[in-house]
Amino acid sequence: MIKKVLVANRGEIAIRVMRSCREMGIETVAVFSEADRSSMHVRYADDAYYIGPSPSSESYLKMEKIIEVAKKSGADAIHPGYGFLSENAAFSARCQKEGILFIGPDSFAIETMGDKITARKTMIAAGVPVVPGTTEPISDLKKAVEVIHGIGLPVMIKASAGGGGKGMRLVKEESQILDAVSAARSEAKAAFGDDAVYIEKYINSPHHIEFQILGDKHGNVVHLFERECSVQRRHQKVVEETPSPIMTPEVRAKMGEAAVAAAKAVNYHGAGTIEFIVDDNLNYYFLEMNTRLQVEHPITERVVGVDLVKQQINIANGLELSFRQEDLKQHGHAIEVRIYAEDPDNNFMPSPGMIKHITEPLGLGVRHDGYAYEGYEIPMHYDPMISKLIVWGETRTEAIARMKRALYNYKITGVKTSIPYLHRILEVPAFIEGRYNTHFIEENQQYLKPRKNCSGRCEDVAVIAAFFDYINKLEKIQPQAITKDLGNNWKDFGRKRSILRL
Amino acid sequence: MSYEIKINDRLANIELLSREDNKIQVLLDNKVYDLDILEVEKGVYSILLDNRSFNVELVEGKNAKTYLVNTLYDSFDVEIIDAEAKYLMNRRKDDGEDEHIIASPMPGKVVKVLVKEGDHVKAGETVVVVSAMKMESEYKVKQDRVIKKVLVKEGDTVSGDQPMVIIE
Amino acid sequence: MIKKVLVANRGEIAIRVMRSCREMGIETVAVFSEADRSSMHVRYADDAYYIGPSPSSESYLKMEKIIEVAKKSGADAIHPGYGFLSENAAFSARCQKEGILFIGPDSFAIETMGDKITARKTMIAAGVPVVPGTTEPISDLKKAVEVIHGIGLPVMIKASAGGGGKGMRLVKEESQILDAVSAARSEAKAAFGDDAVYIEKYINSPHHIEFQILGDKHGNVVHLFERECSVQRRHQKVVEETPSPIMTPEVRAKMGEAAVAAAKAVNYHGAGTIEFIVDDNLNYYFLEMNTRLQVEHPITERVVGVDLVKQQINIANGLELSFRQEDLKQHGHAIEVRIYAEDPDNNFMPSPGMIKHITEPLGLGVRHDGYAYEGYEIPMHYDPMISKLIVWGETRTEAIARMKRALYNYKITGVKTSIPYLHRILEVPAFIEGRYNTHFIEENQQYLKPRKNCSGRCEDVAVIAAFFDYINKLEKIQPQAITKDLGNNWKDFGRKRSILRL
Amino acid sequence: MSYEIKINDRLANIELLSREDNKIQVLLDNKVYDLDILEVEKGVYSILLDNRSFNVELVEGKNAKTYLVNTLYDSFDVEIIDAEAKYLMNRRKDDGEDEHIIASPMPGKVVKVLVKEGDHVKAGETVVVVSAMKMESEYKVKQDRVIKKVLVKEGDTVSGDQPMVIIE
């Protein structure tokens, strides 16, 4: 059984893993780069080892160094978290070779699922639906029309040699087929000198829905239901929830079975996620598998009532899953938002810097997974995520209200954060009604712009607070300051200036 | 005495009329306010105004006279305008030197420097690329310019507001 | 419908109530005493009104003043929290008279349950078991023996006029009955000049188990299962958990029915708690009813998945309960500990003062209800409770491990707290095994004494940290300080001293 | 130079041997320690010693030389003994005045004063009752004593360590 775990990660996920280790009586080893000496994971762990300069390529991605620390510290297992080495097949294999348990799948599963084409073929073989389309280029008009009829409208025609939108045509109606294929081919010919095209089912309003799975080393695999992750900005998830507002029990059961089949196809053991693209009619297609813990795993933990990190450790230990599919149920509704150090009102510019003051939201139904503390300097070298806020409610409506309440008293000063932006998302009608897909952010720009919530009086209060703080500062330096006229006394002013700048 | 305070684009005039413990009376642009104001945490004020409860967080800016003020949902840039600030504002207007500097608004690492001293660059051309938190930001010139001085090199770490390139 | 709630309380419960109000879109009004201007509830509320000097008799207990503020602020309802005016029948009646909704039961229910003898009679009439015993004094030996046989052994014989243990006899065996009654009577006669005695069932190893109930204004009452509250110090609950480790489904169902019957007997509406005394054989007897929210209500919220404050508000609004008894289930296990500002290693001496630094425990399964913040001065006028830590786990074992993990990284400096003591409780074998009753603290003193956990090296680290901080302070004042010999340079030393004391 | 440090009942001798950024070497009672020590929050140190991670919180006591030091589960009273402290310690031993003062170890409100100047009190008798946080604490004399001076009256608010009664 595992007695000591090296966590090959940083930030909130390193701490989240260490918390479960502590509950299991397992010792933890932190590794840290130059920028992370003061990071919370170093403070939280039992042991801490320096592994290199700040860029992750010289520290958190250095397999050699991490294996060395594992051996030196006596760690018998490595948890990779997410990102960094978590989906690195070579690292999984290397750990196995060195006799260190890798808390995650074996290199075969990582490799198979890591390559899009191999994964697609494996899924087709396992009977898991994939987005319908051609796998070989088509140069013949008649063949193309046949294929389109086979897939069914709408379809997207793409130049085989293509890129940059050239030779791409969306076909929605029967009558457009011939013209579209011809136009795409001639455009492709002109642009790339090759008129071969691919044809793929076009998903009109795509939803990103993923299934959490757990598999042990004895061939048992269960799913822990879905997560709805369609609120995305630049392919980055911003808000996740479970259950999905568009899911039905029947489709859930079928998708869950598909997810289990997908995992079984690669003899998967550990925690993993099957991502699907889903259309408005709840047709679902395999997108990819993430062979690791996801950022958004806590919403599943909350609604299903299972600690996924503990399950990962139990699985690595060779234990059988302690529950069967029929033991698992969803209770209530959970939502997660990701708090980033960025300026949502200035093109989401990253905002590294020092946390001056932090008030964390607490109370009923609120989980907060973070790693920042007052006085902590968020380094510029890594992901700008500061923390995740997860709420639970009896119903989706209650969960949204609770999230708004939690954001209301979550205060971070010193760096700009996405908190106001997240608040605006929660007030978009399409979100409230649960009618949204991956175009959500794009389609709701008018609701997501910065607003002035503060009335004239509230602005006055801001002025008065700054004024009061300023005169108090003067007072401290020079008790009579506020009664003096600074403007006409330059000598005095010069002296004060130098003191204020201390 | 009264102070001038700049909040976003508004210039407000404010004067402390009286003060007793945490109760103050101020005159703000001809309106009289009676408040109960208390610093409850460092830089965090609890304010009661006509029994409404406000929480205001102050983060000091570049110097003791500038603040970022956070209220419930809004952030304001606030500057106390005293004689010194007025003097600097006037000087700035005169020589307009600020416009000739390309500075990094955030801390980061210089990934690319695409110009050298004496280069002629066209409007919209990128001069420096800075990376922070896995995101790269490009700094461009808005008009055709000549590069006067390059203050950073690739691999340099820059802090917020640090000048990187001086242009003519 | 309620639009604005005045919360006639302070501390964590005031904030907890306001959080639910915020989620419901209801405005909140705080009231505060002189000592509480900087208290978090004042900062959290929409409105805040000063109501008087620090002693609660001059502020939080002043009905007149609170009603006045409710009217002035336009609040249409008052939530009393727990303590203060929460079980004051006159206040409930007064609110009704003034046309302000009291979020709690009517004065009849408070009054009936507030008087022990009336409550006992009402319960007997409703068929709710009470501790068997005589209600009238007995002066006749034969009658006494009859009564004892009726109640069944063991019994406690108490002098009717008694007090101070005089005339008290515990009878455990049949053969002792005659002697014991005679002895008690003659002792009572000698001490009080009256040989009448009461006879009461003696509960050998009493468990304190309470049931949460909710009743609406339409006569519907449900229970939300039990809370085990036997870990008590000086009749103060210290640790609470649900489900109770000694409960069976059958007894739970029967006790739940009794709790509902108890509430119905007084036409109860609102949230309330029926406290039972339970023996090792799971015989249960009504003890009293608390006609308000309890401190330990969050463990029920977590395991049953219901926001009790929202239910209170809905009930006050005249809504029917939205669930029936059969809709309610217990999921997993929850434990609450109360963090007090007190010194457990020095006879639990209260420790008011300023919070210098606070690190709150976060993550999976942890709820934290508090009101303190860095720089906050805990006033000496009120209850020393700083916060409540509530954890949930799939199993009791996981919940205990999680609570230990949460306490491990819950740090408060500036005041002494009960955190180390709570940690020790969680490691007592009887607690771990779930075999405990209200004698728990008393019987496990040997496990609850302060221990030294820090090895020699850890003590050395403490020395080094203090040393390092000190030389850094010197350094700041006088850059060459650490290289100088202070001991022989008195002039220099005097200067430094005065600076250090700044 | 080396310092003497009192931790609970132990008197330790400590000297800084070298220091480079947050790496220090100290000599503590003839043991050499190499540590990585960093103040991560005000008064909170992160210490790495042989790759073990320690978090130590310091709360300054009555003066800059006394600390309450919290490690994972333990609290220590620590005092830096320099020349001044030694001098005071010696003086204290000489006149022993501290033992003649009954002080309140916590802030609170004086509920009852049961003695007046000149009273003769018996061992175990209560002289003052202080209330804080709904709990009353009684302050008693350990031996037969004469009350020299009463410094507080009923209703007074006292702070921690404030002398209340002086006895002979």
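By written order: A, B, C and D. Residues from 1 in each chain.
We adopt the following convention: contacts are C-beta pairs under 8 Å (C-beta built on N, C-alpha and C of every residue); 3 or more make two chains touch, one makes a residue touch a chain.
Bear in mind the structure is a predicted one, so any value in this text is a computation, not a measurement.
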Subject >> Chain pair, B-C or C-D, that carries the greater number of C-beta contacts >> reply: C-D
Subject >> Remotest chain, chain D as reference, centres from CA atoms >> reply: A
**OP:** Kindly point out which of C-D, A-D or B-C repeats the A-B interface, defined as over half of the contact pairs being the same residue numbers.
**Re:** C-D
**OP:** With chain centres taken as the means of their Cα atoms, state the distance from chain A to chain D in Å.
**Re:** 49
Subject >> Whole-Å gap separating chain B and chain D, where each centre is the average of the chain's CA atoms >> reply: 46
Original post:
Distance-wise, how many Å sit between the C-alpha centres of chain C and chain D, to the nearest whole number?
Top reply: 32
Original post:
Which chain C residues reach two or more other chains?
Top reply: 44, 373-374, 408
Subject >> Junction residues of chain B, two or more chains touched >> reply: 41-42
Subject >> chain B residues touching chain C - in the complex, by the definition given at the top >> reply: 22, 36, 38, 40-42, 46, 48, 51-53, 55
Original post:
Which of the residues in chain D come into contact with chain C in the complex?
Top reply: 1, 3, 5, 7, 10, 12, 14, 16, 24, 26, 28, 31, 33, 35, 37, 39, 41-45, 47, 49, 54, 56-59, 63-65, 67-74, 76, 78, 80, 82-84, 105-109, 131-135, 137, 157, 160
Subject >> Complex contacts: residues of chain C adjacent to chain D >> reply: 341-342, 349-353, 356-357, 380-384, 408, 411, 413-414, 420, 423, 451-454, 457-473, 482-488, 490, 493, 497, 500-501
Original post:
For chain C, which residues count as touching chain B in their complex?
Top reply: 30, 37-38, 42-49, 72-73, 373-376
Original post:
Considering the complex alone, what residue numbers of chain C touch chain A?
Top reply: 15-16, 19-20, 22-25, 44, 298, 301, 305-307, 331-332, 359-360, 362-370, 373-374, 394, 398, 401-402, 404-405, 408-409
